[in-house]
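Chain nomenclature is as follows: A, B, C and D, assigned in order of appearance, with residue numbering initiated at 1 for each chain independently.
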Amino acid sequence: MQSSTLKDVTQNKPKLLSRYTSTRQRTASICRPLSKEDYVVQPVEDVSPPKWHLGHTTWFFEQFVLIEHVADYQPFDEQYSFVFNSYYENAGKRVVRAHRGNLSRPTVEKVYEYRKHVDEAMEVFLSVDQPQAIWDLIEIGCNHEEQHQELLITDIKYILGNNPLLPKYGPFDQSTAIDTDMRFIPVDAGIYSIGYAGEGFHFDNEKAVHKVYLQAYEIADRLVTNGEYMEFMEAGGYQDFNLWHSEGWEFVKQLNIKAPLYWYNIDGTWHQYTLAGLQPVQRNEILKHVSYYEAFAFAQWKGMRLPTEFEWEAAQAQFEWGQRWEWTESAYLPYPNYSKVPGALGEYNGKFMVNQKVLRGASVATSPNHSRPTYRNFFHPPLRWQFTGIRLAQWT
Amino acid sequence: MQSSTLKDVTQNKPKLLSRYTSTRQRTASICRPLSKEDYVVQPVEDVSPPKWHLGHTTWFFEQFVLIEHVADYQPFDEQYSFVFNSYYENAGKRVVRAHRGNLSRPTVEKVYEYRKHVDEAMEVFLSVDQPQAIWDLIEIGCNHEEQHQELLITDIKYILGNNPLLPKYGPFDQSTAIDTDMRFIPVDAGIYSIGYAGEGFHFDNEKAVHKVYLQAYEIADRLVTNGEYMEFMEAGGYQDFNLWHSEGWEFVKQLNIKAPLYWYNIDGTWHQYTLAGLQPVQRNEILKHVSYYEAFAFAQWKGMRLPTEFEWEAAQAQFEWGQRWEWTESAYLPYPNYSKVPGALGEYNGKFMVNQKVLRGASVATSPNHSRPTYRNFFHPPLRWQFTGIRLAQWT
Amino acid sequence: MQSSTLKDVTQNKPKLLSRYTSTRQRTASICRPLSKEDYVVQPVEDVSPPKWHLGHTTWFFEQFVLIEHVADYQPFDEQYSFVFNSYYENAGKRVVRAHRGNLSRPTVEKVYEYRKHVDEAMEVFLSVDQPQAIWDLIEIGCNHEEQHQELLITDIKYILGNNPLLPKYGPFDQSTAIDTDMRFIPVDAGIYSIGYAGEGFHFDNEKAVHKVYLQAYEIADRLVTNGEYMEFMEAGGYQDFNLWHSEGWEFVKQLNIKAPLYWYNIDGTWHQYTLAGLQPVQRNEILKHVSYYEAFAFAQWKGMRLPTEFEWEAAQAQFEWGQRWEWTESAYLPYPNYSKVPGALGEYNGKFMVNQKVLRGASVATSPNHSRPTYRNFFHPPLRWQFTGIRLAQWT
Amino acid sequence: MQSSTLKDVTQNKPKLLSRYTSTRQRTASICRPLSKEDYVVQPVEDVSPPKWHLGHTTWFFEQFVLIEHVADYQPFDEQYSFVFNSYYENAGKRVVRAHRGNLSRPTVEKVYEYRKHVDEAMEVFLSVDQPQAIWDLIEIGCNHEEQHQELLITDIKYILGNNPLLPKYGPFDQSTAIDTDMRFIPVDAGIYSIGYAGEGFHFDNEKAVHKVYLQAYEIADRLVTNGEYMEFMEAGGYQDFNLWHSEGWEFVKQLNIKAPLYWYNIDGTWHQYTLAGLQPVQRNEILKHVSYYEAFAFAQWKGMRLPTEFEWEAAQAQFEWGQRWEWTESAYLPYPNYSKVPGALGEYNGKFMVNQKVLRGASVATSPNHSRPTYRNFFHPPLRWQFTGIRLAQWT
């Protein structure tokens, strides 16, 4: 990831310190409803223990700010780098991702002490003048932590939603109902400008701004609902291989998939686990937790398709978004003139640019103000534990 | 498992109630040094989370005593059977063993409440007269829980000993030094009686008493030490395939095994993780945490062999035992006229009688008075997380 | 795949019959140097036994032409559909791909009889007037068989090149030397037309013709040589994770990859297996048998990149191509207004449009006249058994 | 394996030369009905390509006789040792077992040339006087080849019986009908002598002769029939976990096993593939192709058990045997005073003495005169491709 050079020189010290503090507090507040045991487990490799997220986001500031820029900083524990590094090869060895859930230590209490230790050092450090590069780094760290805030919510949902007791987290994750017909917004063919053009924070993968030629197309003004998706299910969508990619069909057959993630059929009625507990599926609420494979198959069944990320970006002022990460047809690839920053932070985005799909928008779990129209999220096609949804498109 | 009929009619109500209570208390006391997080994790499939042991031993009494024999008993939570059943097919569906570490709920606190709930009901139940079959069942339950007490210790050691921080549990697991030469006790050829012949508690796999003809042999009067095993290592024992079973050699190569479990070579010096922390290996202490494959290869290298379980039992009065579970050459098979009890408890032993090796004796982690000369423990050949050791034998 | 409607009405019956016959004969001639045993084996899942290719291309004509369009046609063997179907879900059940190498029957001789049976029926069928749709189908079948001709060559190379005896196939696979410096052709920014616009045969994935806006770029006038790639190897390219995608780095580490496929280091000198036998690697010959991951890492190391498929197509008139399939940076995705044909033939391309990379050009193994500037080949990023190579690009 | 010292000094040169020649010829004659393609494939790891058996048995004589004892012997091909070594670690590196089916070369023709080359050298070598140790080695080699003759038959059956075309091999594998009730032979308790006591050829695992005390038991006078086994199937034997070992139950569930190997239910009628083709199952023929797990479960269902190998050996004069390898309850372990020969031949038996079950008797596929009452065959519990059957036993 990279912020390139932040041009917004009006952003000043007190504002960033406050941003740092509030970001850190919000992370802790997401974890507040958890019992200690919930912090520890890792039911599948893609889901990390909440304790690990707390430690990892802290390690990010300790490793890239304090250790590198504060002369007499004393690391909280020399071994934490091994425990809390995620994937930065440049930053040394680390616990294999699949084994994060095997670690009972450091304890939750210790991890909070670690956060406190780093926060106090950060606050001292940020209370004095620092060069622009440092402010850029803080901004990156806060955005990084916001990304982990979203992962905390989705990982907590997975941890609780796969427990046979289906425990509640709290009043989150309710969907608002949709009561309008789906309409299609026509967009003219032509050259469009794509990518981040402002002066605020953004990731390196949103640059450089460049021109893209789009054919004329139409894009839906709202997301697909549970009811619309249930029609696909009822029509045998999960049984008709003609609707699926070859890999998608393997996915469905091998994992015996018959519905979105967290859907349970109880005595003939579909329910879904939400963070507020198990509830009957409401037909007029927005669909969530589908894979790219399912999104593609649904669109095929409708005789339509998913939009590309460029079509999405070109049209996004004309519809509401922010409830679901929306699968696009685009593969995650570098933009023209993309360049990654040197060193460890250069590992943030570029090295993942193969075999993943771009998602656009933001979800109910995304941190406030974290997303923007040029934001490029990305996941592997089979993943479903994010709050993902479907927006349809078609050729004119 | 089965106690067959307990003949010891002198064993009376107050004694068994007190046995129940003290057994249950000892289980909790083993867990006292743990942090809550330590209760939850499962680093490998063979190791269960301590929380699960606490729940499972409680479920055993709830399922087989209270639910079956107390008319108005209210189960603590209907779903706990699904969570805490281990492998009793007769007792319904259950969480797959490999997924025990994915469960953050029920919380540790809830599990202790569950124990309290069951203990209170048990104490009421045991305070009145019960038929002999009930007393037998209590005795089985206490023995079952003692087995899990040992597993708690070995599983805790695995959980902490595979954590990169190598945290201490407490002053356990110290080995006493050996300062005598190994001597071999000669045993004459002849017919020996094998199996449990008393009237106290025992498992079904110790019966029926039967005759076995043994050729003349010699058996070591003490266990192998670290120093003796290090000679094997230094002589290239882990590199010489001629010493190993074909499967043992695969085990060594695939897992890159070069020393007993918990041994770490730090700057050229062998250390071992103990529950009291990391310590240099002492050459004159008793070896522990080797697999059957290693025990066999070591014996081959010495030009000797492991004793059979019958040789061990026939000679056991003539040497000290109790520090380590001792690998024998015997496969775990039913004795003549073996019969398992009907119903769920019949699944205790018999269904495991294939592809396992018998271990005799007891270890420092075994519950007091839990073992006896006819006790038959059993594990798969590659397993090392129990406190296992080596006793040598040879033909006369 | 799909030919859409072939507009070239000048193409007449005798010409297509002759095309059919010569295509079929060329397939058999590729197999002529093989021993019977070479026809049978399948060392890895991606490689099919030559016998299977012979049967599958025949089954294609039998299934989609003879059975559907010749009223009294007698299938050679009812069970061959099960054996020789590749992946057409619409055409019924089939032998799992990974098990093709387990089949000793039908014998090679029987498969050649099968070819003869179908060829004779086809020649009768094609000797009379047929509607245009039939001619289209024949054209598809011939193109399909040409694709399998290339796979035959690459699969035979894999079968022989992974045999410890490294047997020779024949005088194929020699590379011509390159003795010019690499020069970069500048291409202006602007809108370019992409996709097949002619009236001859083409696949559905080359349509629809559409506009693409390209930024200014430069593209190399020749492919990378062995010598240039050896500089990357000698500079530690396979050891520097910063050059690799995260998945590429896993690929290199897990498979312990240190050189292109078929390279063997013998006493310090790099050799490569070719169909003409083992030979020392010549530095000035064109590199072959690299994965996308390696192509990407090499370009990173050069401070350059791979071209997109659109850049390649827009510039292809200005450089020579045809020696190697050239990895592009483009993911394999549908073009605007892409539509697949109904029925089984619709499974040809569309269902593979996820997680694959586009390769452009053609290789020394490609059938004559089979490729064209708009041709889109595609493989998964780690695959190396095709004659793949690297063309560099960079931003202006 | 080992013949220990052959005491039978009457066995002379001409007889052994003729034994060598006839053994070698019988191997080739077993392969005569095969097509070349049948020689090459390896559908599962336990089954080796017939070509490999032909080469391996030849390599055995080349490696252990000719190379070691004939001064000027020229190996046929230096690389064949790598290709045809089975598992002798002492004899150098080798093709991994699972990859034997990937090798199209050496061709079948070459392998027969190899046999001819070695046979000619052997005949020269054996036409002159040789020390007793050489004769012993020849005897071992012939017995080794006889074991592979049986494997050839069972592997050919697997190769053809898993081919969707179910091709015939020839008039083999017919079962004779049984028309007698099963009767049980009582055997008295007492000490019995076990192990090979003669002076002819035998393997090291049959020694030393030793005493075993047996409790009184009864053993069936004939093997179990298809009809008796079908009663078990019809009674739900494959669905009742109480009849199975824990590992056996996993085996049944994971592989979805519902009948013996090679049984196919066609329109409600059970058929079995035999080397003479697919045939309806005859109820009064002897059951074949069951695993140890199935044999155990069947015996449990009958309220009986399998005999131990000692019980089998002590009683074998009183019943007919030789149609099936009979699963026993005994684990494959060394006899008292077992010692393996030094060097590569010492790898023949001892290193497999863990996690396997002993089978006694012989099968219709066993080479004539190859077996004897003390012969100990051994396989892993789930294996079914040998001609295995069930003999019941029970306590008196």
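Note that in this section a residue touches a chain if its C-beta (ideal position, glycine included) is under 8 Å from a C-beta of that chain, and two chains touch if they have at least 3 such contacts.
Please read all numbers here as calculations on a predicted model, not as lab measurements.
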Shortest path length from chain A to chain D (each step joins two touching chains): 2
Reference chain C; chain at largest CA-centroid distance: B
Centre-to-centre distance between chain D and chain C (centres being mean Cα positions), rounded to whole Å: 46
Chain B and chain C, separation of their C-alpha mean positions in angstrom: 58
Centre-to-centre distance between chain D and chain B (centres being mean Cα positions), rounded to whole Å: 37
Those chain pairs that satisfy the touch definition: A-B, A-C, B-D, C-D
Residues of chain C that touch chain D when the two form their complex: 35-43, 51, 79, 82-83, 95, 99, 101-109, 159-160, 162-165, 167
Interfacial residue positions of chain D with respect to chain B in the complex: 87, 89-90, 189, 191, 210-213, 215, 241-242, 244-249, 292-293, 296, 305, 329-331, 333-334, 336-337, 346-347, 351-355, 357, 381, 395
